Each structure stands twice: as structure tokens, then as C-alpha cells.
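Following are the structures in question.
Common to both upcoming complexes is chain A, partnered first by chain B, then by chain C.
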Partner chain A sequence: MTEEIRYTAEHEWVLVDGSVATIGITAYAAAALGDIVYLDLPAAGTEISGGTVVGEIESTKSVGELFAPVDGTVVEANQAVQDAPELVNSDPLGEGWLIKVEFSALPALLTADEYRTLTGE
Partner chain B sequence: MTDLFSARHIGTDAAAQSRMLEAVGYGSLDALMAAAVPQAIQFDRSLADSLVPPAATEREALDELRALASANRVSTSYIGLGYYGTLTPAVIKRNVLENPSWYTAYTPYQPEISQGRLEALINFQTMVADLTGLATANASMLDESTAAVEGMLLARRASKSASARFLVDADAFPQTKALLRDRAGAVGIEIVEVVLDSVDHPAGHAHPLLAADGADGAFGVFVQYPGASGRVWNPSSVIDEVHAAGGIAVVAADLLALALITSPGELGADVAVGTSQRFGVPMGFGGPHAGYLAVRAGLERQLPGRLVGVSVDAAGHPAYRLSLQAREQHIRREKATSNICTAQVLLAVMAGMYAVYHGPEGLRRIAGEVNRSARSLAAQLRASGYAIVHPTFFDTIQVRVPGRARGLVEHAHSRGILLQPVDDDTVGIAVDETTTDAALLELARVFDAESRPSGSTDSGPAAHVDADAEREPSIPDSLVRTSEFLTHPVFNTHRSETSMMRYLKRLADADYALDRGMIPLGSCTMKLNAASEMEAVTWREFAGIHPFAPKADVGGYLELIAQLERWLVDVTGYDSVSLQPNAGSQGELAGLLAIRGYHRSRGDEARTVCLIPSSAHGTNAASAVLAGMKVVVVACDELGNVDLDDLRAKIEMHAESLAALMITYPSTHGVYEHEVASICALVHEAGGQVYVDGANLNALLGFARFGDFGGDVSHLNLHKTFCIPHGGGGPGVGPVAAKAHLAPFLPGHTFAQEPSHLLLDGTAVVHAGPQISAAPYGSPSILPISWAYVRMMGLAGLADATAAAVLAANYVAARLAPHYPVLYTGENGLVAHECILDLRGITQSSGVSVDDVAKRLVDYGFHAPTMSFPVAGTLMVEPTESEDLVEIDRFIEAMIGIKAEIDAVAEGEWPADDNPLRNAPHTAQAVVSGEWSHPYDRERAVYPVHSLIRGKYWPPVRRIDQAYGDRNLVCACPPPEAFE
Partner chain C sequence: MTSDHRFSPLHDVHVAAGASFTDFAGWQMPVRYSSDLAEHHAVRSAAGLFDLSHMAEFRVSGSGAGAFLDHAFAGALSAIELGQAKYSLLLTAEGGIVDDVVVYRTGDEEFLVVANASNREPVAAALTERAADARGAGATFDLSDVSDETALVAVQGPRSRAILEASAGLSAPGLADLRYYRSIPADFRGAPVLLARTGYTGEDGFELYLHPSKASDLWEALAEAGASHDIVPAGLASRDTLRLEAGMPLYGHELGLDTFPQQAGLGRVPALTKPEFVGRDAVVAGPAADAPVLVGLVGEGRRAARAGYTVFAADGDDTDDGTADAPIGTITSGALSPTLGHPIALAYVDPRFAEAGTPVSVDIRGTRLTYRTTPLPFYRRKKD
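Moving on to the complex of A and B:
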């Protein structure tokens, strides 16, 4: 688990670089969902507000929701994972990132340790 | 001694039952049931008080059915409106409709043993997609009108418009307009009926409402094509307008007409809906038939219901499976966008096979003959001086008879002819592929006699109309279909009956149905569908009746329906029953809408909260949302029972807004909850209504009644408890039964031949609630099955069946408990009619999953139990009363054998990723081709039990890759090269 990135209780990770946050789901979430087959991500330009559902992550077992961890504007949705959703399973914290958001406010997020405690791992 | 039917229906005889009782630890069936069913809810009444007559023999019941059938009168129907005469190819009737290999199969959740019907369904999907000119069709809908409702809901999800308004073509079928209206109300959609045509309006808009933007416009439009009036017109300008306003165009199209006229897809439609009834499925007084729903590219993932797709198996070969199952109600629960969780598989298979047998040129010929009949009739009537309302038509014409429509319809009826009364001045006539020249002549005579003053001699119309008139086209040049359809080889190969028969046999052989062995699917009740019960379904007097036929023609049906309603009232403890819902999910919806109607009738409009235990089937929540309710989940305790403290807290929290509690009894965990009566009382005290889901009625019939312990309304599944076959995933019938105070809110229907229903106390009530199906009595042609079951069992036989089912489940639980933990039991350590085997610990210690066990059971010659419902990582087993002890023991031995294999994996004898479980199921090819490199031998792979050598079900494909199919969605017939 990379230490610089932050986490949410909805099992998402957030990596901040300047005013842009890259967002994905954790390895724990990807494993729980199972084989991911389809992603419905917000398009670039979409205004999102923290805590609301902005997308769907569909696996062979269930349909999970993507919560916006921050307020802001989507600057990019990862086309590679939309073409090959299995990337989210194989590399959730790397190539399997989902969206980049130009954020206006950054709420308190969990540290790696706090997230580990949450998942009991 | 009489040959009792119950002894044929129940698989275990007295000797077998006493051996089973010994294993369970009870001295008698009575003692077992007394211990299993909570004392507080067991009823004690004499059989003499029952409305269910004593059991008849098979022969007696068939004699009675013959008498009921002969009380129906089969007139020649020209009513149309979505129901037409059709010629069922005999090869399809005998080899599909009357063949247990097709009708006793379950929904193809286990795709490796369902390749036959999955192929048949992908044929259906390809046929619908081709004819409608759209990208993807699903595996069928319940009927045309419910498909239209699903089209409307899909349009709201997919539309960019914020409007809550949906425009409906004034020229749509009346039953569809009524259903759209009734369903829209509960979910906040405003229906606006509009007269649509392709003539440009002065403002430049096809309809003024479409001009408005955003909330003032409409999120979509529903167009009937051809119209209910028969008119063939070009809706493309309307569709363009809807698109310009960000809306979605839903077009209901006649599949046979589409062989001749331009497809909705080519006209720009986003969604097409309709029925495939006239593709060889008899009218049957309204159903069952397969509705359809197709969408343009980009909307596939919005499709409700079932969708068959292509994936690959472990050997890389193409294989069919159900796609996108994660979007279904049982997973998405209150977030589901539809409550449709089944299809009309058997009927979709028939319709798809009709297209396979006739092919594109055959369909063009049939459609051409139908159109020629309509043109010939129009010409004859014009020659007799009648005005035809619309000059363009496919099969339906309207005739002007100012002020005389009623008299003409009655006169025609007296001659065995059914016309459609449109209004006082107009009658409609729809011809079909059964219409003969002689019948047209007879029809023309009726009109000719009508046009003459009484007393004048009847010389009859000319036998032949001017051939030029017949040649006059009735389809506008701009709408003549030019695009190809059904070009796939499957629709161009099976022209001879021999070839067709063998194709059907080959597909049936690929599948595992009840005619091969036990299907121990928990919560599905895969019991016997007796041949004598099925007998009447295809009788002409039941099959050949139009759903809107006059009351005088359907006396036999109405009597059969009234009797069945009273018997169901008697066995459930309610006051009134509606047979209109054509699936369990629709029964749920009808019941919840009745609750909604009841609260609103008392001014309790704020009562919208529906409490649902966390253990409930996901469809409960989906139905509640579609009934306009807000779902609040109630927790369950560690035993799987409703947590009473949480229930009290939730009731208190929503005291003012409580509408209902939905509870399944026995619970979805297969346990008789002891507190059920007090749960019902708590809800009633708070002003709520209790909905008891009847999915597990097979564990209660003859011992306790929902209505006695507090239920206000329930749906039953005639396709589970009352023997209607599952048909490979439909048809179903989901009657809704209610107490008297809810009875007025049960489903109504404008065309119901008998809107009044007897209550238990002998008074009558009119069912006037929201319509739920296209036809007034849903799917009546399969009601003789349930009628015959109850008639031949009697109340005593039904109770015997319940006890035998409970014994079988407890026997399986007792014998398998040393090998697999049984997850939930009631207070005496007993289960109800099913048991949950908990594999989670086994999976953790060995890596062997429920999937592995399910697929390995195929190698042992079994259909898997229900996987991961209601608890992930478990198997739920329901043996039913119909299995005999030999088959039940064979299943138990298979499960014990599999446990030994799991132990071998756990102990490291076989690697976790290369063992008979992980590699299951094994095809013949898998064991004969190439080098055998696995750590177990080939005999272990395919003959784990010696008896299989003499007779074995061979799966045609290896384990199917679920993820591949969902990532690469292909839902039409793959090219033949894919299988090389």
C-alpha cells in the first residue's frame, strides 16, 4: 500500500498532485467486487460534489457505486479502464485509476494506517 | 383401489418415508410437521369446511376439463389489437410446447447445462433485432403492454430531458394505454395522450409539447406502428422531434408487419417493443406469449430482464450465457430500475423457432398473404359501398358503419365472427395467417346483409373482387421494407421437417431438465409438471380464444377461473384472488399497488414506507420502488430471523409513513419463523399492511394460511407450488390474494369479461385497482394446469405433498450435516422445505468454491442447487415432494463424494488450481483429446460414480468465462465459423 495516497471509507483512494486529485478504488474493493466488467464514469467537464454517486463499477457479481470523494470538476476519465475494465482488478492503484478531478475543496481523508484499520487488514 | 394422483405426484411412498423419518428422528410425518410448523400458526379445520373438492382421479379431472372447455366457443376472431390467429407448426407444437425437455427446464443460470435453450433464445434475440432494425433485443418480456411500460421506464433513465412527461400515441392499443397510465401514476410520470401524424403542423412541430425544452417538454414518446386503427404511417418526423428535445422514442411494432414495412430502427427509434404471439403461439385467451424489447446501440446496459450473450468456455470455445446478471433486481434491490426478473422463455423459443422454420422468405410470404387478405377485404367492402377509414394498412382495417357498429358486431357474433367495436360508427377487422378466402367471403356476407334493408334477398357478394383492386398497394412506397433480415444461416437451413425436428432434438439434448433428473434449486420448487395437468393447454377451446372475446364465448374459462380463485382463497386464508399478474414479480407489484390504493383511499397519502427484511429476495425491494414506495431495510438476527428490536425501532421511526412490511414465509432462509404472528401484529398496530411473499408456500399448504396469521395480501407462484412448468425461464403466473379490505384495489381491466369476483362470504367485489398485465386474466391458457393439480390432489393431497417436501428437505439436511454445515434451522433443529449448506468455511480452508461444487455436480449428473442465495458462499437445496428416495439418495451420495474430493484438495493431494472440482464440468472432448496431464484420472473426471457408465448427461461445453462475456457483449447469433 503506497503511503502518500489517502483513502475514503467508501474504499476509494485519492492521490493529490497540485490542484488535481486522481481517484480510484482500493485493492480491497477490487477484490471484493470480483471481475470488473464495465465502468460508467463521469465525462470530463462534469461538476461533482463530494459524497454523491458519480459513476458505476459493474462486476460479474454486483454493481458498485463510485462516490465523489471531493468537490470539483472532472478533467479526465481513464479511457484505458473503460476499454479494458480488468485493469482495475490487475492494477487498482496504478493503471486502474478512474478519474482525475480539479478539486475546489479537499475533505479530511484516511491515512493508509487508518484505512487498514477500517478493513481489518 | 383408485389410482390416486397424489401417489403419482409425490415421489416417496410410505416405506421410503418411514426410512427418511428414521434418519430425521421422528416417528411419523404428523410428528415431524407438528414439530416443524410453529404451533401458533397451524390451523385445525375439517376437510369438510374446505372449498377444495375431494381429489378426483386423472381421468375424472380431464372429463371435467373437457366439460369446461366445451363451455367455451371458438369464434373466428378479427379483433386483433395484438392478438391474432396463428398456425403453430406441428413440429414446434410437438417437439417444444409439448416436450418436457423444453418445458420442465429452469432459467439458464447454469449455462454449461443450458446451451440448447440459450441458443434458442439467442435465435429469438437475433430475430427481434433483425426485424426491428435495432442493435440488441433481450430474451423476451412478459407481454407487449408490460414491455411498453419497461420501454417508458428505460426512456426516463436514458433521456437527457428533465421532464416527467411521456407522450402516448392516441392510436396505441387500448390495453397498453391503460397499463402505461396505471403504472406511470405510482412512479411520478405524467402521461399525455396525443394524436400523432406525419403531417407538418403550422408551428413546424409534430406535436406542440415536443417544442418545449427541459421540464416543459417530454422525456419520450410512445408510438404504435402500425396503429391500433391499422393505419401504416411514417413516424420518423415525430421521432426526430423527440430526439431534438433530448427524448427517447419507443415504438411498438408488429413483428409480422415488419417483414413488409420499414423497421423502427431505420426510422430512428431508440427502443422497440411488442409481442411475438403471432409467430406460432396460440392466443390462449391472453397468454402466455413472449413480449419483446429491443434497443439501439448504446442502450444495451439499460435493458431490463434477461439477455443472452456469447462468451467462451475454459477450452476457448464459444458458449452462450446470461449476460449482465449483476444488473438484476436480486442484486440491485431498491436501486433496481425494473422489477422484471423473468422472461417467457418457452414462448420465445416457439416464436424464434417459427422464424427458424419459415425463414425470411417464409415470413415475407406469410406477411404478404395476410396483407393480400386485408386488401381483398377492403376492396370487397368498398365495392359494397363501405368507406374504409385509413387507406394505408397492413392487416387491420376500420370500416365506417354510422350508428350501426354495435348491431353489426352482435350480428357477426351470432355467425361465429368477432369484430372489433371501435365506436358507434366504426368497426375494426384484423386478418391473420389463418384467414382463408372462404372466411373472407363469409365476412363480406355479414357486411353485405347489414347494408341491405331487411326483407331484401341476399344474393351475396361477388365471389371474386376485381383483381386490380387486390393489387392496389396498401403500404406507402416510402415505407416498403428494403433491408434484409434473418440472414444468419440458422434461419436459412431448417426448411424440411426432418431437419427442424433434429435441430430441436439436438438443442434439447444439450440441456438438463427435469426429464433427466433432480433440479434441487432452493426457492424454485422444481416439482413434477404432470402430463395430465399439461393436457388441456393445447386444446382448441382453450388455445383459440381472443382475450377480448365476448363473455358469451368464454363461459368455460370464467368458470375455471372462478373455481381456481375460490380454491386459492381457501388454501391461503384470504378473501379474493386476481389471476391477472403473469409473473411473481408482477403479483408483488399488484399487491403493493393495492396497499397504495387502500392507503390513498383513506387519505393516508403519506404512507409510503415499505419495510423489507435484509434476508428478502431482491425483487421485493425493486417492486416496492416501482409501486412508489420508499424501502427501509429491517435487520435479521444471526439465525436469519427478523430482528424484532430493529423492527420495533423502524416502525417507531416511520410511524406516520408506514405503508407496509414485506415478509417471506417461511423465510428465504428456509425456516419457519416462530414470531411471524407477532411481527404482523406490530405492523398492524402501527397502521401498516402486511405483505406476505408466497414464494415458499410449498412448505405451508394444508398446514397454515397466510391470511390466518396476519397477512393482508400475498402473491403466489403457480409455477412453483401449483405445478405450472418453469418453461426454461417462463411462463409464470403470480396471482395476488388479498383480504376483503384490499380486494377493490386488486388489478382491474377495461376488457374483463367478469369484473366482479366472489368473496369468501359469498358477496361480490369488483377488482378496480391498477391494471398489471396486457390481458384481463393474464396467462389463462396455463391455468388448467394448476386447476388440474388442485382438483386431483384435494386438500388432503396438498397437505401430504407439503409434508413430503418438508420431510425430503430435512432428510437431506440430516444426512448432509456431517459433511456440510446446515446454516439455519428452526427451534427444533428442523428446516422447512429447503436447507442451506454453508460452504464458506470449506472454501476458506480448501479454496474450493460454491461454483466448483455446482459445476462438479454436473459431472455427477445433477443440476446444481441455488448458488449464493440468500447467503453468498452457500448452496440452497430444495428437493420437493416429487423426487423419490432413490434420486434423493443419489444426490446425497454425490454431495458426499464431492466432499471427499474437497478434502483431498484441502489435504494437498490435488493442487488447488488443478483438481476435478476446479476443472468441472468435464466434456467428452476434454477427456479424449490431447495428452491427459491432470493429477486425477479420466475416469474420475467423467465417471465419478459407477452407475454413470450406463447413462450420463454430457455437458456440451466446459466452464464458461462470465467476465469475458460481460466485457465483450455479443447478444446475437455468432457466425458458424466461430464454432469450427
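Moving on to the complex of A and C:
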């Protein structure tokens, strides 16, 4: 499955299933932020447009911004991570997903190899 | 990685432990090993092991050492007893703070001044200049920057003493009776150690100064002895949240060249009983009556006010002097307190809003959240 995950230069991952994209932040981004303690995610129904800031990811030390990787409508924000933000650190590509978006347009995204090149890992 | 980065003598140990690094005052230091929250909680409940080798140290020795320190620093340092440690301030003639330091009396005529890594150069410059003045007034002493020959390892947390007692190769007669803010000479495998019951976490703990060549061995011995006490290596991220909960100021955040001691709640640090020290006249004159003062703030929820955010009079605060909803101050440090579970912050505010319990509002990236001033510290350990 992970082969189908795509990435953005803003350190998000995008998994497309039909017309819905599940979006989270990468392990690299989670590790760089440190322990995540608070998430501000867009509610279901929110219209988002690619490249804009739609949420915040706060760690003990800093605040990260969540950029919308796609245009579309939020269909679900992950309640489990809002209740337990540490899921983003422990399982960023699994239980730590952030939002699901019904997208109207999907931009070009990075492959896993391209993303690894970007992060130098 | 560039050549102007400095590395701790423990750098390889940290790399092997999987640390993430941050630049701090030009040093590559561990920011966390795995989880800054876990490291924070370990210090509160068991023990944390810190590398603080980036700190700057100056040795002052000779018959005039005490007189020199009394001239150069705000506190009455010649009066401290052998082994005693004292928190002090290096002030400008204008009353601003060059650095905050801890001074240890390590001999009848010998002292160790421990300064912030970020202030090594300004402290060295001020001390050199003040040494010339003191010598001109007849004092005889030596002043040397011993930072490069001094490593510093701290063990902080309620299990600290048991860990030191169990550490192979560490000989510290008198440890059982060592009081807070006191130090003793100790020995680690033939190398002299200054072992002090001091720290910057609000928890019981110890700081061990020794030659960098022995730092790795000492670290390993402490880690090994601490394993059964749940010690964890702890980085600068947890050190910052620990000191914030303890209400301790951090230079560059709560203290600076434009801050009078009185504004920072440190009005009792300058010893006005001394007839003379650099900055005395300015401290006596004091800051302006309306100069901002340092306060603690507590909030609700989980969104932390952070350094640089603006503090406003609380919404609807019906002040009759036109201050309602006006900017009244700035956050200098803030985090979601790992121990308390709610946001805490330090801020400089208009003194009219400094009374404990005053509601204020903080602009958190466009959202106003209510905070309330509170006495410091936010967290105080239970004394046993």
C-alpha cells in the first residue's frame, strides 16, 4: 500500500482512494516537530484550496502549519488524533492521519523516491 | 555541518543514542533523544541525564578574587562559604543584564563562574575589563576562561542521588550530607570533579564539572547506574519546558541588556549592602515606574502562547484609563506544560496588570485566548 502514497514538498503524505484523499504529515516532519501536543484541523465540510494553510500542528517546541495538498472539501477530520496528538508521532502514516478530502483537482505529487531525495534520507 | 559548529565532548555518545541535534549558541547539542515529553516526565518522576558542556566557565583565584567578584557582579560573592553556590547577575553600568550566572566557591581564594554558552564572549569581555579596574584598585587575582577544559553533565530528578551513589568510579565523600546549592570536590577515576547540588529543572539534582576527556566515561557510568532507576538521556527541549515550569528565567527570553533585575523579579539578587558594584547606581535608581514586569500566565485548553506573541488587556476589561483591549505586553516563553497539562507562559506586562489573578488575552496567531496572571513558579516539587 505504501507504494501508492504520494508526498508534498511541505512534508505531507497523500493517499488517494477514488475521489477521496487521506492526508497526513510524514515521519520526517513529525520527528522534526518533536512531541505533538495539539492539532487544529479543518472541520468536515470545510472547502480547502491547494497550497493554503488549513491547520496547525503544535509540538512542545514549535508550531507547524498544515498545507492543503489538494483542492476540495474536507469529509472527515481524524477525531482520534485530536484526542491523542501523540498518534502523529507514533504512527504518522497510519492512525496518525489528519484529514480526508473529497478532491476536485489533484496536483502533481512526489513519489516516495522523490520525497526521500528531498529530505536527504 | 559546517566548521563553525562546535561539538560537545559527548557528541559521539549522543549520535550513538540517536539524538536529534539543534544549534544552540553555535554548538550542536541534543534537542531530544526520542521524546521530549518522555524526557520531561522522567526528570519529574525519576531522573534525566543532561549534557551541558556548552556552558561557559571562568575561574577566578587569588587573594583579591572575592573583591573582584564583588565589583564585577551584583551579588555579595566574597561572602559565600567554601562549597557554596550562588545565583548572580552581571550587570551593565546602566543596570541591564549581561548574563545570569552561578558562582561556586571552590577554594578559600578560588571561585568558578558558570555563564550561559550564548554569553561566553560578552561575559569574558566584561570580566576582562572589570578585572583591569579591580587590579587598578589594588586587587591581586587570576581570571581565566576554562570553558574549553570543562565539561558539564547534569543528573536531575528525584532519583539523582541514588544514581550518583551507585555510579562506578565516582567517589564523592560527603554526598549524603550535601545540601541544595552546595558543592563538594569529588573524583571520577582519578579526575577531579566539582559535584554540585544545583540545576535548572525545578527538581532535585546534581551538576558535575570535569575535564572533557573523562566526560564520556562519566556519562556511561551514570547511565549504567541509572538504568535501574529509569534514568533517560534528556535534551535541551525538555530542559526548556522543565525550567519554564519552575519559573526560571532564560537569558535572551526573560533577561537581556534592556532588562533591570527588578523587572525580572530578581530585585533581591543585587546586594545593595555592597558599597560598589558595576550597575549599582542604576539599580538603586531603578526602572521607570511603568516599566514592564515579568509575570507568569496560565491558560486553559491546549494552545500555548509562545515567545513574541502580544498580550492584551482582557476583552471587556473595563479599565477607566483607556487600556481596554490595548496591547499591554509580550510573551517571552510559553509551552503546554507537560506536568500541569495546561498552557503556561512568562510575559513582560504593564505593571498595572501584574497582580496575580488578572485576566489578560493573548493573540495566538489570530485567535484571542484568555490567560490569567499567576504567582511563580508554576510547578514546585514536593520536598521530602
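Quick note on the criterion: the second predicted complex is superposed on the first by the 120 of 121 C-alpha atoms of A that agree within 3 Å, B and C clash if a C-alpha of one lies under 4 Å from a C-alpha of the other, contacts with A are read in each partner's own complex, and residues count from 1 in each chain.
By definition in this document, contacts are C-beta pairs under 8 Å (C-beta built on N, C-alpha and C of every residue); 3 or more make two chains touch, one makes a residue touch a chain.
Every value quoted in this text rests on a predicted model; they were computed, and no experiment measured them.
In the superposition on chain A, A:P107 makes contact with neither chain B nor chain C. Judged by the touch definition given at the top, the superposed model places A:D35 against both chain B and chain C. In the superposition on chain A, A:V63 makes contact with both chain B and chain C. In the superposition on chain A, A:G94 makes contact with neither chain B nor chain C.
Overlap of the chain B and chain C interfaces on chain A comprises residues 35, 37-38, 40, 58-61, 63, 86. Every residue of chain C that touches chain A in the complex is listed here, in rising order: 20, 31-32, 35-38, 40, 237, 240-241, 302-304, 306, 335-336, 338, 365. Those residues of chain A that touch chain B in the complex are listed here as 35-38, 40, 58-63, 84-86.
On the chain A side of its complex with chain C, the touching residues are 31, 34-35, 37-38, 40, 56, 58-61, 63, 86, 89.
In the complex of the two chains, the chain B residues touching chain A come out as 301, 324-327, 331-332, 335, 962-963, 966-967.
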